[in-house]
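Chains here go by letter, A, B, C, D, E and F, matching the order in which they are written, and residues are numbered from 1 within each.
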Amino acid sequence: MYLPETLLKQKLLDFLKSDLAWGDITTDLLIPPEKQAEAFILIKEPAILAGLYESIILFSALGIKTESPYQDGEKIKENTKILFLKGKARDILIVERTALNILMRMTSIATQTYKLQEKIKTIGSRSKVAATRKTLPGWGYFDKKAVAIGGGDTHRFNLSDLVLIKDNHLILFGNLINAIKKVKEKISFTKKIEVEVCTPEEALFAAQAGADIIMLDNFSPSEVKKTIEKLEQKGLRGKVILEVSGGINFENILDYAIYNPDIISCGALTHSVKAIDMSLKIIL
Amino acid sequence: MYLPETLLKQKLLDFLKSDLAWGDITTDLLIPPEKQAEAFILIKEPAILAGLYESIILFSALGIKTESPYQDGEKIKENTKILFLKGKARDILIVERTALNILMRMTSIATQTYKLQEKIKTIGSRSKVAATRKTLPGWGYFDKKAVAIGGGDTHRFNLSDLVLIKDNHLILFGNLINAIKKVKEKISFTKKIEVEVCTPEEALFAAQAGADIIMLDNFSPSEVKKTIEKLEQKGLRGKVILEVSGGINFENILDYAIYNPDIISCGALTHSVKAIDMSLKIIL
Amino acid sequence: MYLPETLLKQKLLDFLKSDLAWGDITTDLLIPPEKQAEAFILIKEPAILAGLYESIILFSALGIKTESPYQDGEKIKENTKILFLKGKARDILIVERTALNILMRMTSIATQTYKLQEKIKTIGSRSKVAATRKTLPGWGYFDKKAVAIGGGDTHRFNLSDLVLIKDNHLILFGNLINAIKKVKEKISFTKKIEVEVCTPEEALFAAQAGADIIMLDNFSPSEVKKTIEKLEQKGLRGKVILEVSGGINFENILDYAIYNPDIISCGALTHSVKAIDMSLKIIL
Amino acid sequence: MYLPETLLKQKLLDFLKSDLAWGDITTDLLIPPEKQAEAFILIKEPAILAGLYESIILFSALGIKTESPYQDGEKIKENTKILFLKGKARDILIVERTALNILMRMTSIATQTYKLQEKIKTIGSRSKVAATRKTLPGWGYFDKKAVAIGGGDTHRFNLSDLVLIKDNHLILFGNLINAIKKVKEKISFTKKIEVEVCTPEEALFAAQAGADIIMLDNFSPSEVKKTIEKLEQKGLRGKVILEVSGGINFENILDYAIYNPDIISCGALTHSVKAIDMSLKIIL
Amino acid sequence: MYLPETLLKQKLLDFLKSDLAWGDITTDLLIPPEKQAEAFILIKEPAILAGLYESIILFSALGIKTESPYQDGEKIKENTKILFLKGKARDILIVERTALNILMRMTSIATQTYKLQEKIKTIGSRSKVAATRKTLPGWGYFDKKAVAIGGGDTHRFNLSDLVLIKDNHLILFGNLINAIKKVKEKISFTKKIEVEVCTPEEALFAAQAGADIIMLDNFSPSEVKKTIEKLEQKGLRGKVILEVSGGINFENILDYAIYNPDIISCGALTHSVKAIDMSLKIIL
Amino acid sequence: MYLPETLLKQKLLDFLKSDLAWGDITTDLLIPPEKQAEAFILIKEPAILAGLYESIILFSALGIKTESPYQDGEKIKENTKILFLKGKARDILIVERTALNILMRMTSIATQTYKLQEKIKTIGSRSKVAATRKTLPGWGYFDKKAVAIGGGDTHRFNLSDLVLIKDNHLILFGNLINAIKKVKEKISFTKKIEVEVCTPEEALFAAQAGADIIMLDNFSPSEVKKTIEKLEQKGLRGKVILEVSGGINFENILDYAIYNPDIISCGALTHSVKAIDMSLKIIL
């Protein structure tokens, strides 16, 4: 998900612009235009850092010098100064809130993801945590990038980079196997095909029909187990990627992880974010 | 915060566009262009509904007919069908996720706000819950609107509609009272002036200097009490709006509310959102 | 109204782009790409300078070096060189007209505002001149900023930063006092409430109902006087800001100013601008 | 200058959006969403109507029905109702100011242009009034269109549709005749070539070198006369279009018009606009 | 690649806007605003129709009624009327050129693709023709869609929907097998991995390392043959998709197709387009 | 057609952005962020170089240093290194394809134009080759600029910089001579008037009515000859510019050129482009 600074800058400045509206009326009156300042951003809880790349681009876009001993993806202790700033005082104050809002959401998502993945490893499971498309509209890039930084799988970015046949498609189309066949015939060789199934039997049919990925939607742990056994019996387990999805959270994830599905996806990674606290301090 | 449909539509279509990228490759292959469908959106938990106005605009922008027995701000029971849709099957499926993501975040924020405000009322407090500027970049309008729907105060929208002198301004400017004086002299008569203070004494000075609003930042409940007493002694309590801010959450809010500060602001309303689950079902 | 250079630049380049269309066909043929030139901008009449900040951003955005002994807000004599330029000859010529058009309008507005404010001071009045929302669509920021530079009050920036209940709202809503009550109950604590009234009696009602600002719309000077007297009798004069508005111009402004209303607003400041002449001269 | 409604609408909605910012907070609280209203726009002074097309597009874009007995370009008496509106009360109020600001500027420009052109006709002159590029940045289309509606010539739209060799080009290039030659050799056959000259002699040289249009810049009336005589002597008068420009206003225009230059251009048409008053009235 | 009309419309209107600039000055003077007309678009050569969907959206966006007996993808004979139009004469004339330019390019690409695919079929080959990323900047969606309509494979849409390790990546990274391993470890399970190779040996290594797709870059037909034999010997032919690329054209394609590589990609499909002639005729 | 770097950069980055979508997933995994590289662009066939200015702007926008011994418009031999690059390896790889696509199309158009113009010169004809409006939507600027670089005439840029009365206008308006008269009366003095005619007689009428340019549409060479003779007989040949258009290609152009029409326009210059091959090579 590498975007060069020049392109990301445009998006980040749009964020800033919507916060500035007709200009900052407070700094305008209190802070002389040329006054210089130094500042740092403090993270108050332990976290996996994310959004540093974006914050640096945003501060730099206004001519503020930045320096950080850290990188996105690093494990940070509580009360750590993660970014040092030097430049026009006005501009530091203007970017402050937008940069913190970005850092806090991205770091929170990365940290949540990391914790979930670590929990899975505690029982020796090989399953990988993945995001869903339950990202915030307009924030898809940032949400997915934070998941990746936290060690999770981004899943598809949008509606054009993976075929994902969901329950609603099948209600309209009719038949699971025919749907897979039709798609395989027409779809670009560059795309994978994923199918959402509701029963172990459907999972088997989907694998036989040639789906690349099978999403076991709202399966109980025992249904997941049963599905895997059926696929192994038919010699199909190695031919498909299994994704477990629906209602999985920090509490119940190990019940699934123990069966080693390839992927465990979890909407809460991006739709229910508990912010990690940060603040910006001016140094005289 | 009334924006007419025509203007909101542009923003909402931008959201949709970023999810569609080069087009939906799944519906393209499985759903015939002219196939019609009906569908509904189901909310699975009790909630204060928000985002319905936005969802309806988005579905309508693609020619999908909508009907809802509810309005934003209504209290909804679990497992309620909140919106009925009729139109091209392809387009319903394409809007599904973006609309749900908007509805889920806005409804979750409105519901959190409502619960917090209700909790305050249980002890007969007159304090009002308010949002902060810890909204998501690019989502300020939607986050604030959801807070308003939930019965909270939006607080300032951006850096240009309220003077808010914060600790960082004062570190740079030097003197609280002079800062208020300087701003009062220059600022448009249409704007209020708020000042963030760290001690009851500063609160008193700020009130005497003519601030319209005083933010008691990271005060303990007893400091809040002490501040209010001081202001009352000087006959200044009725002349300023008191906002309590910093570290306030569902657990400790009543410790503050009991002293009836005018406003209790809470960043978590928008930076830590636990999503309320919803889904869209196609009806054959 | 402080906007950092990086954000203003985007808006200013949009202006330039619309003037360039498919490119400058004259300089393309006559001026070699690398040819350097120096130039200056000359102001031909005495003025209060405004738009210098914007011009410098625009020239700099094309790599042209700028130098000016002046700042926005300074009183400039006729035939003064206000800005010195050095850079690619082509680019100086391309920006010339757009920069002059910005400088001329902003300087003209600032100068008009300044003269009006000075006139008021001649009789010792404390009234402050203010702009209205009769700014040019797309030019709100620049028009308001020029008013501020000229020493006037910007008034509200847009429809979201001040409640202003106008005659048309009241025709639809019905009752002045109820309207104020309804707004006070619901509006964010960060916003002021202004009401437009048509008679001294209405002004009194509005003040009693708790409006922050009262606009005396199309009042004769004697009605203004009467209104102020009534408010003073009730002890309300100090509790509200009085704005006089409607049909006020350079000729009749002192008839109002003599009664010291807080604000005298004047649409002509931005809707009827008489340009101050400037030109750009190339130095060989 | 015909732009279809669909394209103009985008530009006009951008204007509206910048005035609405985060939404209209006044109508939001006072006017119920579905409340209908009727209204009309009143013009208070006699004028040549312009901007009606744009206003109608803007109101229509929000679903407001419009009806007008007039068209752009018509001569309107004072106190005339020029546009009738019917639709959601909220939306009428929201568009009100933006539409009036557009109508007032465009009508004012058209009326000024018309009066200047009429004045010229009083002495039987065949000269045509033209605008310059001293239009407001971002408003080029609207300013020029208003001039055209008032019966004036739009002059060039931007830097790409006419070659105009100005004094600054010549300072850099060196030689008037060579400049014309170089341009004639290279320029597309679809473009005309205009040259700005400072003396009657230069005018003659320019005509001989094949310029299509000659701008007599800052000529006194007698110099204009002399130039025309020289051109007639050489049989060149009919081969070039003569434009008189620089310092021409309502007072001195007839001193030039009497010699029948083809074009008299006047920056004041767009840089010094005295607004014609209009207002919108709600009908219950 | 399904994009709903509402989203495509924005892009298409941007195209139109750049052609209209400051408005159509010819129709403005000659065609009365309300004059209605009918028209049709004629295709002069046999073709596979593409761009009809886009043209219809564009004409409809200006309120022009459209009717066509055809659909994108249909085989059309020479001198066929493919689209009938009815609406404002001005608007038909304004859209004419933009619509024709879109139709001509898309139809030409679809037709070229179709012919190439048909040629392959003549020898019974199962190879499928594919586009490359040599599409026109800003036209990626349209170029790829035209290829799909012509029966070709779109290949990847952009840099984010397929991992494609090219020669330049390997020069920088060093080792083919390690590159594949590193990518497989980190990349989302939703993406395929393609590797560009230069020799049959590299192809074998890539297959063994687990690439999903192998691009045989600039291979001679005999090298392709040799590669396929090697893969078959190792039992790997069925595990990878083989793409032949580089220097393939209408003349030599059968030399490759005979060996049944899965994909034959051909940059000329989009970078060297010979337009199929069309025109729009007004019917009185 | 000179556009300064700052303005062109925005357009070029939009191109790049659409190719990057959610970021480059290949370089992200294989190329370390800070890794530096050098590279060059190689042109494989002889050509007239065009698009170098645009490529340099694009690479520079990402901080890549560029150096070239060539300029747009130069004749380049096969296998020439036209541009040397130095910078972040990731960014060179990301820009590679977009830059090549721009260079290849622009160079191909310039080369085609040049060859056609050279062919005309072989018989001593003075006719100049011109483009049409059959450029790619969104690519008008680049297509026309490439034609200019190749030595051709750009013809009009868009619908607002030349009056061009075409057959469809006349079908709707009725009468050729009246159409010219009406336009001459109303059109700005800055614009030329061109008329498309179908017979030598119409050409004569058009010249007599005062058209500046006459387009002989789909004339046979002998009709062109006859038209020129008629105009010469009436002494009108020198008063109008003659453009020959319709069905002219590399094969038949000399049949027209021999009669020295001023302009021979050829849609194929931009609608049927055969790409000249180029590639980018990384140097370790």
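Just so we're on the same page, a contact is a pair of C-beta atoms (placed from the backbone, for glycine too) under 8 Å apart; a residue touches a chain by one contact, two chains touch by 3 or more.
Note that the structure is a prediction, hence the values are computed from the model and not measured.
Chemist: Counting shared numbers against all numbers at the contact of subunit B and subunit C, is it over half, same, or under half, different?
Modeler: Same, since over half the interface numbering is common to both chains.
Chemist: Between C-D and B-D, name the chain pair that shares the greater number of C-beta pairs in contact.
Modeler: By the number of C-beta pairs in contact, the winner is C-D.
Chemist: Please flag the chain sitting at the greatest distance from subunit B, going by CA centroids.
Modeler: It is F.
Chemist: From the C-alpha centre of subunit D to that of subunit E, how far is it in Å?
Modeler: Chain centroid spacing, subunit D to subunit E, equals 45 Å.
Chemist: In whole angstrom, what separates the CA-based centres of subunit E and subunit F?
Modeler: Measuring from centre to centre gives 23 Å for this pair.
Chemist: Go ahead and note the Å separation of the Cα centroids belonging to subunit A and subunit E.
Modeler: 32
Chemist: Please tell me the distance, in whole Å, between the geometric centres of subunit C and subunit E computed from their C-alpha atoms.
Modeler: Between these chains, centre-to-centre, one finds 52 Å.
Chemist: Touching at least two other chains at once: which residues of subunit A meet that condition?
Modeler: Residues 1, 16, 20-25, 27, 94, 140, 157-158, 160-161, 188, 191.
Chemist: Spell out the part of subunit B that touches subunit D in their complex, as residue ranges.
Modeler: 1-7, 10, 140-141, 144-145, 157-158
Chemist: Taking the complex as given, what residues does subunit F use to touch subunit D?
Modeler: 1, 128, 130, 153-157, 160-162, 188-192, 194, 213, 241, 243, 262-263
Chemist: Touching subunit D in the complex: which residues of subunit C?
Modeler: 14-16, 18-27, 29-31, 35, 37, 39, 89, 93-94, 96-98, 100-102, 104-105, 133-140, 157-161, 163-166, 168-169, 171-173, 179, 182-183, 186-188, 191, 267-268, 271-275, 280-282, 284
Chemist: Going by the contact rule at the top, pick out the subunit C residues touching subunit F in the complex.
Modeler: Answer in residue numbers: 13, 16-17, 20-25, 27-28, 33, 61-63, 90-91, 94.
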